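Worksheet: one structure, shown below.
Letters are used for the chains, namely A, B, C and D, taken in the order the chains are written, and counting of residues starts over at 1 for each.
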Amino acid sequence: VMSTSWYDLKRKEEVFVNRSLTLENIKCYGFDMDYTLAVYKSPEYESLGFELLRDRLVSIGYPHELLGYTYDPTFPTRGLVYDTTYGNLLKIDSNGNILVCTHGFEYLKCGQVDEYYPNKFIQRDDTDRFYILNTLFNLSDTYLYACLVDFFTKSTRYKNCQKGFKHGDLFMSHRSMFQDVRDAMDHLHDTGTLKERTLKNLDKYVIKDPRLPVLLSHIKEVAKLFLATNSDFNYTEAIMKYLLDFPTGSKNPKKPWRSYFDLVVVDTRKPMFFAGGTVLRQVDTDTGKLRIGTYTGELQHGTVYSGGSSDIVCDLLDVRGKDILYVGDHIFGDILKSKKRQGWKTFLVVPELVKELHVWANKASESLGIISYFAVMFSHLICSNSIMVTYGMDLCYGKMGSLLRCGSTKTLFASQLLRYADIYSTSCLNLLNYPFSYLFRAPLVLLPHEAAVESQTKEQMAELSEHMLKTTNIKV
Amino acid sequence: VMSTSWYDLKRKEEVFVNRSLTLENIKCYGFDMDYTLAVYKSPEYESLGFELLRDRLVSIGYPHELLGYTYDPTFPTRGLVYDTTYGNLLKIDSNGNILVCTHGFEYLKCGQVDEYYPNKFIQRDDTDRFYILNTLFNLSDTYLYACLVDFFTKSTRYKNCQKGFKHGDLFMSHRSMFQDVRDAMDHLHDTGTLKERTLKNLDKYVIKDPRLPVLLSHIKEVAKLFLATNSDFNYTEAIMKYLLDFPTGSKNPKKPWRSYFDLVVVDTRKPMFFAGGTVLRQVDTDTGKLRIGTYTGELQHGTVYSGGSSDIVCDLLDVRGKDILYVGDHIFGDILKSKKRQGWKTFLVVPELVKELHVWANKASESLGIISYFAVMFSHLICSNSIMVTYGMDLCYGKMGSLLRCGSTKTLFASQLLRYADIYSTSCLNLLNYPFSYLFRAPLVLLPHEAAVESQTKEQMAELSEHMLKTTNIKV
Amino acid sequence: VMSTSWYDLKRKEEVFVNRSLTLENIKCYGFDMDYTLAVYKSPEYESLGFELLRDRLVSIGYPHELLGYTYDPTFPTRGLVYDTTYGNLLKIDSNGNILVCTHGFEYLKCGQVDEYYPNKFIQRDDTDRFYILNTLFNLSDTYLYACLVDFFTKSTRYKNCQKGFKHGDLFMSHRSMFQDVRDAMDHLHDTGTLKERTLKNLDKYVIKDPRLPVLLSHIKEVAKLFLATNSDFNYTEAIMKYLLDFPTGSKNPKKPWRSYFDLVVVDTRKPMFFAGGTVLRQVDTDTGKLRIGTYTGELQHGTVYSGGSSDIVCDLLDVRGKDILYVGDHIFGDILKSKKRQGWKTFLVVPELVKELHVWANKASESLGIISYFAVMFSHLICSNSIMVTYGMDLCYGKMGSLLRCGSTKTLFASQLLRYADIYSTSCLNLLNYPFSYLFRAPLVLLPHEAAVESQTKEQMAELSEHMLKTTNIKV
Amino acid sequence: VMSTSWYDLKRKEEVFVNRSLTLENIKCYGFDMDYTLAVYKSPEYESLGFELLRDRLVSIGYPHELLGYTYDPTFPTRGLVYDTTYGNLLKIDSNGNILVCTHGFEYLKCGQVDEYYPNKFIQRDDTDRFYILNTLFNLSDTYLYACLVDFFTKSTRYKNCQKGFKHGDLFMSHRSMFQDVRDAMDHLHDTGTLKERTLKNLDKYVIKDPRLPVLLSHIKEVAKLFLATNSDFNYTEAIMKYLLDFPTGSKNPKKPWRSYFDLVVVDTRKPMFFAGGTVLRQVDTDTGKLRIGTYTGELQHGTVYSGGSSDIVCDLLDVRGKDILYVGDHIFGDILKSKKRQGWKTFLVVPELVKELHVWANKASESLGIISYFAVMFSHLICSNSIMVTYGMDLCYGKMGSLLRCGSTKTLFASQLLRYADIYSTSCLNLLNYPFSYLFRAPLVLLPHEAAVESQTKEQMAELSEHMLKTTNIKV
């Protein structure tokens, strides 16, 4: 068991910066709900999702032996790619180079990867074949794909083929199993089973944090505030009530959740919301049903809307894209799209970062001492060691390694985080740790040629380093 | 005048690394010709291009006053975006945020930019409106767009409108002037005027470097070697002869340029070459004409081919994408496409880097001393200074600033360089400075949360830094 | 009330021919189910659909007054186009010219049409705006669109605007009402309400014809036979049992419905079925559930499949496209796609043809005598009369006129019928009236210049006509 | 040699009608130039085109034996489809069914067609593979494709393969030869060779008809008039001067060609002209060069414009689409696009119709007597004979048969003519034969079920026919 270091603790509460951002300029804060305001408890929630999917597959005819599998939170990592042709889970970098490849729970070795992908590379634009498991909701099915391949590979009844498994006239192609899991997902969604089970046991599945109403109250004093969720009204109502409708002390008596927001929009259908969007309707908050017709009036406080688009939100709240800080957990639906299409400022919530920071700090400090952590800044000096270090760290994150790295290579997810999220943190609550006048200052990341130092100058560098430390008045 | 520092000199000869790359694994080297093997002299070549374009415009009816403009190499920077609606030149980051905006030669201030782009942001996917001036060939027309806007804005005969200029019934829309320049470009190309003028005076326009045959000879000893150029055979023949067909000492008698390559492909039509490509033909090297029919046999040494595709090149040379290092100067046509579609290893030639390194080194060392250069590694400590420093540097690069940065923000070009070029350098000749067994090792670039250090720990950091310097046995 | 003429009776049993087709060459017959084998009783079934849709709208908040509307079978015609911007129902020709335009139940006059469509023309490729009500299932919603416009136009609570109706802050755009009806449709489908109600009262809603098992038995003796329906298995099972599982006399004892077919495919997702299609699954006919995996073996009699594609059907049955006669009622999903993508022979079932023939024959024979019917062949002579005649006929078909014509102009539907259906008839049962060796011979339709006769030659023509009648040995 | 009948003569001067059109309502006439106003002499012009293409191929390396081929006007028919995979010329119907297939000059028999196209059907949407030879300009290359296949098939040096011809390592794929011919076409166009040769010998290549200025003068009295040609100004100027700038008698003194038109637009880039179009420029008629900038003022008489779009034409002339009658020869670029995108009225010029009418009339009247022509109206009676007749006719049209038919089946071209051309004729000059108040009345084409008559009613029909003839007061 790793012990939690002091650095670790502090960093969990930090907001990290990819591009400088002045909070003072933000006139409007937007929040996604699921996994952003409402953080689901891990692994309880993923286990629930996994079991419902698994049981659905069995109910449509998959072998009963599948019921023997239970969710293992140490296996899946967000952002993996499923190859629907060969049934492999792939960890890739932003260019499509394969970093890790598993078939079921088996890690493929270099030569085995070659057989499937001679160039160790996929054309990730081929979205018909390669499915990116982008969200935290996908952890359940990521694990399920591995279970399915594991089961059929080991079963003596089935013959292994490259594109699936054969049993008499029946061919279980990876593609058709993928389709079955997608359909099971849709079934869960359409029947509301997952939501129902969640709402029945909110304490088990959703984290309630008394700081959330505090955060929203603080924001509301300085800026506009909206909620934009793909969930429907009834689910949103139940979740938000649970999260916000409680007394937070004598100073802050209980007040209805909707009063925290200037605008509440459900059924947003992100990412479409950031492009054309849909018709904006009012929700009848007594019945949960949509009012007919399109709402055209001024913004009404306490009113809940359904549908619409990011443009309509800007109009109703009278703000421009660059004045909005949007906080979400979905790298594609929330962050990439709001940034690329609308130029919004973006805050990505990355719950996995708790663990990422923990491993990074512990490994760095414990195994090799803080030196190796610092060493990376001087990687030209002792780089070969640090690479071994980072590889060594990989398994500490879980069986598929870190969300963000594979050794020194960044994952596709990390690349997107860097490109599209202005700031990111383990939780949106960490905004509480900064004044609303704060300037989130991005570290100046140097291009290789800017940082490059000739190997001949090593010694000079050491001198310069000393000089620098003196000049900047840091006591050595 | 800046003096050239010793660091500066050395760094010009370095190859910089975005992603680690083991030269030993490279089984095949590919080269683009224009601006890669054949580096055009700047600003002579751009001036020639500018004048031919300018004269063409006058010949189709543009005012004679335009002849008064001459090419100013200090104005344009590669990678700017032309807004065909408003006639502005934009420097943007990878998300479409506007970093610098000029109208003619006038820099727009914040408020003026707002009038055109209320969100200080463009949807750069709108390629119908926004034209990216991606290549070194575009420097001439980049400058011409500015001249046109400058002339019509100042001319008393024309009335300024938002989308162009009016003179009686005649409306000179920015869009139509853009189209006229594109057409003039096509005219130059179709009539071969620019090529003709270049070939007439090769010494004036093309850099001849005796190290080039040496480099190619060395490569040929260890790997396969191909040339893939969009130019036609006759131009390629003339240029390559000039570059390679000369005696390089008694040990290296003159040998025909084609003998340096295993495969020569002209008329490649990159970027299409990296997707479907075209039919592969043989070139009759006596007449320069294409042989009819498709070539289907084995690779023949000394044969020149026309068309084809990257897949055909792999087949003929019997190599896989990841075994190829492709060296080119075109970020989109050469580098992005070969990487994204085919998984090739990529080497981007960036001639401007000579100046970028010069400014960076000089400014860093002269104004503030090497400290400020180093400071960026400790940017959390003294970041506000370094930002002023980097901003101050901008004008040293030229009127539109650096190819790669605007202060601490990286340009779209820099982002693409980071994403798609594995290695990059001022010239392909710098490969000579490394043994063919070399491991180009990427610096481990930390994500913000990995590098983050609480402000409370400043002092501890200083201690750690000292500790590190000792531990790594560097003499202080 | 029109009396039914003898011609009328006979023609209802005829199969009409657009392109010659030799039944002898047909090696395989395919059938759609809904409205092809299973003909729904009109107007009972459309009334049911209308009421369920209407009630759904009221349940989501539409005014209760809508409940006052009941389905009027004399109003809608298949193939109308709904303009989601202005709420108009349009009858158009194949080029997008507007033939009839209604707003609610009001017929727009020429000047009124001009206000909406200055060119009396729509770009029907704009499928985002113009929705073609292609199928018999659409009759219910066609009528509902008219009811909605009628209600809101007349309601004193709502203000009429060009794109909808206003009531306070609420704007009922035609577009949003269109979306509500589409959603109500999806709701009906997802909840299975319409199917459930149909199955509860099959005798009320579905025509049972003892000739159907006879037809299928006869076909099976000479060719292969398949069913391809977009319906699911359970509904298909119930409907087909009702249609086929009964004793048809001592010679033909009751036999299970599936034994009539070589291949039964449900969930076909036409028109996608004719392009890429989906994975082919087996259906467990005991439970109605899909078997997991893809079926890869030989065709098994009595097995029911789900999904697949037209290519898979050809493979399983070992036939080529041109050897298949496919019988369906959906001009786009069944006929256009199977013809254009796969080159199948096509038989369009057009139940409305009973009425079309009735009106044509009656009007032609009764009002003006058979002469006017014949007259069209000599339209150059008495064309002006016949045009009045055909216009006069229009209202006999129903309020929106004929499915196929507006006066002398053919509708979009008629053009598609001519282009894509090789043969067509009121019912698939009419195949019983022809031997399986029959050559359906298309009338030789002359191009205008082939048929053209100078007006100067009228008299000569009369002579020739006489000559012809003699020569062909017809007794005058 | 066929003699020309009286009917034949007259019909050549007729305008045929697909959809009724009232000339009185036409407020604006538009004309294409090439093959519409300027009719090229056949086969002189096609021969010239063929020879220039052929010579170009030889000059780029094709065998000199090709020079032995000369243009044979009896072979090609407009509207054939070239299969770039197999090198076949196909005559198809509107659904993609193959009517005739030749390989070189060899007609493929049923079994041979099967080898290439097992379903006797092509997916004509696959425009990458199937190239439609739509225009009269394509007659030259249609013939050239046949020559190429003929030559290589017969040459003993080349081995026949399915997709081309092999000679050592050289593979002459049909696809690459197709590309060579397209490139040769572009070369002819870019160098202006064909235009130059045409202008040098206008009397040899272009028909000059004194009725043309008369027609245009008459039109100008009653309506607006514009010219819209894809040709450039200099060519247009030369051609139109030749066609119009001559004295037409004392009453009609010579007047400059541009004075006949309200608006002259060159470089129209149809079909793009009917969609987005390009920027509208003025042409400097002294130099032939474009004026810079966009013209924005009112329409100026005598001014020539370049580019623009159909929308701009409507604006400048202040007319709506349905008020325009556009006369052109290009079924796709002129007629289909103007009709489908803009709802213009259309007049298709079909020079081949002279021959089509000639054959039809001669064959019908001479071989079998006018009876067989009439017989088609009673095709149910004597259809089998008439089919033989029409097949027999096919070869009279030329080796690839009629432009419009193959036996009783209409070609793709005929289907498009019927759908998109409101009226059509051998020449635009035939408009002179009708008053400007004329109503072009379309024959009422019956749908099969409208025309259908039971075979049992033959005798009744005969009676009715007699009755009809009496009633319509035609003397028998």
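By our rule, a contact is a pair of C-beta atoms (placed from the backbone, for glycine too) under 8 Å apart; a residue touches a chain by one contact, two chains touch by 3 or more.
Note that the structure is a prediction, hence the values are computed from the model and not measured.
For subunit D, the chain whose average C-alpha position is most distant is A. Separating the centre of subunit B from that of subunit D, both taken as means of CA atoms, is a distance of 49 Å. Chain centres here are Cα means. That of subunit A falls 60 Å from that of subunit D.
Subunit C and subunit D have centres, each the mean of its CA atoms, that are 35 Å apart.
For subunit B, no residue reaches two or more other chains under the stated contact definition. Contacts between chains close into a ring here, every chain touching precisely two others. Under the contact rule defined at the top, the touching pairs of chains are A-B, A-C, B-D, C-D.
Interface residues of subunit B, counted against subunit D in their complex, comprise 57, 60-62, 164, 166-173, 175-177, 179-180, 190, 278-279, 281-282, 284, 289-298. Residue ranges of subunit A in contact with subunit B, taken from their complex: 7, 10-11, 14, 16-20, 94-97, 118-121, 123, 125, 320-322, 339-343, 353, 356-357, 360, 370-371, 374-383, 386-387, 390, 404, 408-410, 414-415, 417-420, 424, 441-452, 454, 456-459, 461-469, 471-472, 474-476.
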